[in-house]
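Right, I'll just put the structure down here and ask away after.
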Amino acid sequence: MSFNQPLGGNEMPRFGGPATMMRLPSAADAAGLDACFVGVPLDTATSNRAGARFGPREVRAQSSLLRPFNLGTGAAPFESLQVADVGDVAINTYNVEDSVRRIRLAYQQLLAHRVVPLTIGGDHLITYPILQAIAQKHGPVALVHVDAHADVNDTMFGEKLAHGTPMRRAFEDGLLLPKKTFQIGLRGSGYSPDDFNWSRSRGFTVVTAEECWDSSLEPLMQRVFNRIGDDAAAGMRRALNP
Amino acid sequence: MSFNQPLGGNEMPRFGGPATMMRLPSAADAAGLDACFVGVPLDTATSNRAGARFGPREVRAQSSLLRPFNLGTGAAPFESLQVADVGDVAINTYNVEDSVRRIRLAYQQLLAHRVVPLTIGGDHLITYPILQAIAQKHGPVALVHVDAHADVNDTMFGEKLAHGTPMRRAFEDGLLLPKKTFQIGLRGSGYSPDDFNWSRSRGFTVVTAEECWDSSLEPLMQRVFNRIGDDAAAGMRRALNP
Amino acid sequence: MSFNQPLGGNEMPRFGGPATMMRLPSAADAAGLDACFVGVPLDTATSNRAGARFGPREVRAQSSLLRPFNLGTGAAPFESLQVADVGDVAINTYNVEDSVRRIRLAYQQLLAHRVVPLTIGGDHLITYPILQAIAQKHGPVALVHVDAHADVNDTMFGEKLAHGTPMRRAFEDGLLLPKKTFQIGLRGSGYSPDDFNWSRSRGFTVVTAEECWDSSLEPLMQRVFNRIGDDAAAGMRRALNP
Amino acid sequence: MSFNQPLGGNEMPRFGGPATMMRLPSAADAAGLDACFVGVPLDTATSNRAGARFGPREVRAQSSLLRPFNLGTGAAPFESLQVADVGDVAINTYNVEDSVRRIRLAYQQLLAHRVVPLTIGGDHLITYPILQAIAQKHGPVALVHVDAHADVNDTMFGEKLAHGTPMRRAFEDGLLLPKKTFQIGLRGSGYSPDDFNWSRSRGFTVVTAEECWDSSLEPLMQRVFNRIGDDAAAGMRRALNP
Amino acid sequence: MSFNQPLGGNEMPRFGGPATMMRLPSAADAAGLDACFVGVPLDTATSNRAGARFGPREVRAQSSLLRPFNLGTGAAPFESLQVADVGDVAINTYNVEDSVRRIRLAYQQLLAHRVVPLTIGGDHLITYPILQAIAQKHGPVALVHVDAHADVNDTMFGEKLAHGTPMRRAFEDGLLLPKKTFQIGLRGSGYSPDDFNWSRSRGFTVVTAEECWDSSLEPLMQRVFNRIGDDAAAGMRRALNP
Amino acid sequence: MSFNQPLGGNEMPRFGGPATMMRLPSAADAAGLDACFVGVPLDTATSNRAGARFGPREVRAQSSLLRPFNLGTGAAPFESLQVADVGDVAINTYNVEDSVRRIRLAYQQLLAHRVVPLTIGGDHLITYPILQAIAQKHGPVALVHVDAHADVNDTMFGEKLAHGTPMRRAFEDGLLLPKKTFQIGLRGSGYSPDDFNWSRSRGFTVVTAEECWDSSLEPLMQRVFNRIGDDAAAGMRRALNP
């Protein structure tokens, strides 16, 4: 079997041709794919600057520079995986709640196939409906969440659905395995002396940005791997051989 | 009586000092004001590019260059009117419907005073709740609407509240006097052979951009004035001498 | 028969979905199409600022705002024509001469079908190979060329192929009907007292920018129409009913 | 005699080579020149946004696109005039008063030759010391001043020297012929009902922007020409044949 | 007693509301405040690029993202301090010397209260008049100066007051305790083999950027603390309990 | 003998005066110079984003901030070397092959003098003709190449001359001493499992970006110095004392 390959720079200049992710072929759905790129252009759940709605389009445009082999890690994904770009979820830009429903449905349709979806956002709220669809298929999951903020607010401006609440919603819905949930890189200013206490009290592992500075990240990654490596491998097997 | 004056460029450089509209004083509410500037930083009802949420802040910053007399028209508003900047409406950036409610309430509070509000947006949906508050106080009103689009869609993406629907909502709620409603500057591409038919069929006067090109706008303005000049004068008197 | 329609803003937000021209479907070639959009991302023939290589991509992205009906002219192209976006010509960004060959070949392939191609450039040199392919099929053609410059230099920096030479090359190759060639909008500074003499001496009609200022363009368009209207209609018939 | 010519785009690409005005040769002083370009990078007399200090550099960079003949007017300056770029005046960016002195001295040195200087600014205050040097040599002069503002303030922030005061200073110093002074394009908002009264009361001819809109500028230019055409011609003869 | 709190993101979106520093209340003067933010929009003492005049406005706008607790350090300033934004000093943008006088006077007025001022600049010259006002009240002070440049030039372009001279002026006026003056981060190119010798010869402690690279800054901060920690604590007590 | 000195910021503000490299004098050729700055504004050999054609102009503009002494290293180049800016090579922006020829010729002319040229590019292809001219004079040379890419492709889009091929061309022409060629900083994605094998197989020393991260670069620089320090010193002597 031969796998989809990124359109090469010697066939079409990198500034031309279809602006799909990594210049991979488009696909109408996830049938027959091992992995798929999918865009979720939602940014109406942000509290300050909007614009991530153009994220999927711009990330794809910039990805035209990527070539198939990673010379640092040796990764050669297109030697053994069938990957395509399945386009964007049609979010409802006027209605956050309906967008959450639309994202969940779109991922349920994707996950009806044996695919691993890779998402291009979009603001952080999109994590919640994606986790809903994943947990519906696979049960609660481990999570490695790299972010400046814990996103565990109960509400923002009185709303349950905002870019600062998805991890709380996911916990409440039982979508996460708390002992296998890592929040890495948390930092900055907050509304209370310790905005990270909620995460810790639910059993999440919190690693602040300060703990990451000026030292190798390898021991941290080893801790993560020890805790969830087996799950990840099993999950990947399950995803690709359902 | 002395009236609020814009902070002069010889008292504080134009790049310093409080960035209120035209460098007028701030006011906590509209009490005692003839006119007030108010910002409505909503942009989550737009269909393409967001960013108008920063409109009130940036319009105010740029307005620091304005001086009190208009040398072309002779207008001298601060010789006879008490004007201040009453700040922004606290819209709910995660929820368009709730924002509409919040804007309506904020204008109801402003209009409890004898003030004429001047709005800095924000996307076009904000016109609807502002008209709701105005009509609640004054009854249906004349409207001069200068825009590229008629904004009379029934729904956008299935939603009744979006930046392309406010004139339809206003008509349905009986907030407008159709014979005294002008839509000026309409142009561009549309979803049907004539997107402006709805407006015309309801009695609005439609003046396309093409009709405005390459000729004086004075005859058009005279038409508008003939139709609604008396109403405007009466309305202004009513607003300022309730 | 039903025709391709632009993807509507109520099906997919305008900032999402495939960034084809006017959100039309993609097509692998011109078979079955009445008209096609094609990008030619060449900018290595420019004498000063490059960047038009990103022109096709960016024009497509901005075209997402277009809707199917032109409300000013009444044009409804997608009611009677099958249109799609056939993507970009794979120009050779390191070699102008080879790019000219590649563009000519690509248009020969397109014109093997009964299609009318609509080009998104790219710098002005691309006009030459496009005219080569068109004249090969249809014979010499009328041309309405709207530009600040006549682009009739013999050479630039000693090169025959540059963005200031395509009209001279086209004339020399007999691709144009000089009596039916209009150059409209010429202006600016030049290398000799009258850079436009060459055009006039070959029989082209030159209309400078100064002649267009401050007056209606309708008489000019009528002149153009009187001279080439029959040819254009015949050409269009020939193109679509070969 | 042969005259300096702009460096041609076929000798050096327009993005390369020395960034002098119009790609003319540099000259250490004005000796032997009929006209010279000179930069005055002062912007510390502006009341709001600075940046014109980079004006001379950027205007020169953009001027690389200019070619020697004006195809609209037929002007061919480099057929009969010796022109060069004499560089920038070393203004004192920390001290407006000293900068005025330095500009005046620099123009006195230039005008010791029979040259006509063409200035690239810089903010509007620089007009004052340039007029000082010109009037010292030629006596009071006619002036055609195209601007949005009259620049006739007595002081700004208590200072006599600012970008809004040069025309007042020039009048007070007797540098202008008031009956031959035109201020064209005045508009906007001001500090008093008529900021232009001062100009009119001193005998200047004021033409507001409103008077220029929507009509040919030829009658206005004819008025200017009738009033000062003879002076201009005489002055030019005097400048070039002292 | 309750302290001023930053306006929360759940009361007013961060892109709306008054653009004060950290969204704190405005205050007309420093009465009753423990600390105050004050803007000094001077940039006419810079030698190259201007623009810092907009610094106070833009820093305030960006500060709208800050929340009251620092999750990394545990700092909770608004639990025990009364803080407000007292606005900008009305500098004279046309006259550096008068601006220095105005800044000194403004800080003398602020320091007539028991407040600690926190300044948003502005170019580096503003340090000099601020130190004048501080030393007038408290006597010579310790200084921790983090900068690429020592700012100890005698003159720039012949001027005593420029953004490269404030530390020299402060030393000459006896405003500093040289043994307790640290200049940290000095680097770059200079006018003589060692531009930092002047600082060292006056007893300042100079720490170059090279000494800071690739190592923890804690030992350096400990050195600073050992030398001036007691003074700082005493000074803070004195400032807040005069 | 006295050496050229950068124009000081106390003689002419840094935003004014001629925009030569480091504000050094211009020179028509390299006669009498120890080192010269030369611009090569070629960017038509790039595979994605163009713009480096403006590199020489912009690097010079920004270099106006440099002063003659490096306070970190103690370097004082203008105490013992005669340096000037010899301007730009007139590349042919429409023809990569001719540009390579022009660059080679320009460097042959420079190297007819005893000068060390310092180049401001421009894209990476320019290294090839520069090395041609250098090797013609000095024989094969050592090379320290710091880049993300090895630039050792055989062809790009079928072309031998492109920004990804110069090191291969240089090797093939025998311009390099492979054992004394270092490629430092290589990283990223590639077209094959190991794009760096070609370099290694020819004897180049490859140091990937990963090997440079999180550690001192001094041991690496010591390795380079041990291998080519003697050659560099000899080459410098040869260049300056031919």
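For reference, chains read A, B, C, D, E and F in written order, and residue numbers begin at 1 within each chain.
Throughout what follows, a residue touches a chain if its C-beta (ideal position, glycine included) is under 8 Å from a C-beta of that chain, and two chains touch if they have at least 3 such contacts.
Fair warning: this is a prediction, and the values are worked out from it, not measured in the lab.
Listed by label, the chains touching chain E and chain F alike are A, D. In summary, the pair chain B and chain C forms a contact in which the copies contribute largely different residue numbers, shared numbers making up under half of all those used. Inter-chain spacing, taken between the CA centroids of chain A and chain F, is 42 Å. Between the CA-based centres of chain A and chain C the separation comes to 42 Å, rounded to the whole angstrom.
If you average the Cα atoms of chain C and of chain E, the two centres end up 59 Å apart.
Residue positions 13, 15, 47, 53, 93, 156-158 of chain B each touch two or more of the other chains. Chain contact topology: the protein chains form a pattern that is neither a line, a ring, a star nor a complete graph. Interfaces, counted as pairs of touching chains, are A-B, A-C, A-E, A-F, B-C, B-D, B-E, C-D, C-F, D-E, D-F, E-F. Chain D meets chain B in the complex at residues 47-49, 155-158, 186-196, 208-210, 214. Residues 8-10, 13-15, 64-72, 74, 76, 216 of chain F touch chain E in their complex.
Interface of chain B with chain E (complex): residues 11-13, 15-19, 26, 39, 41, 53-54, 56-57, 61, 87-91, 93.
On the chain C side of its complex with chain F, the touching residues are 43-47, 50-51, 53, 92-96, 98, 156-159, 161-162.
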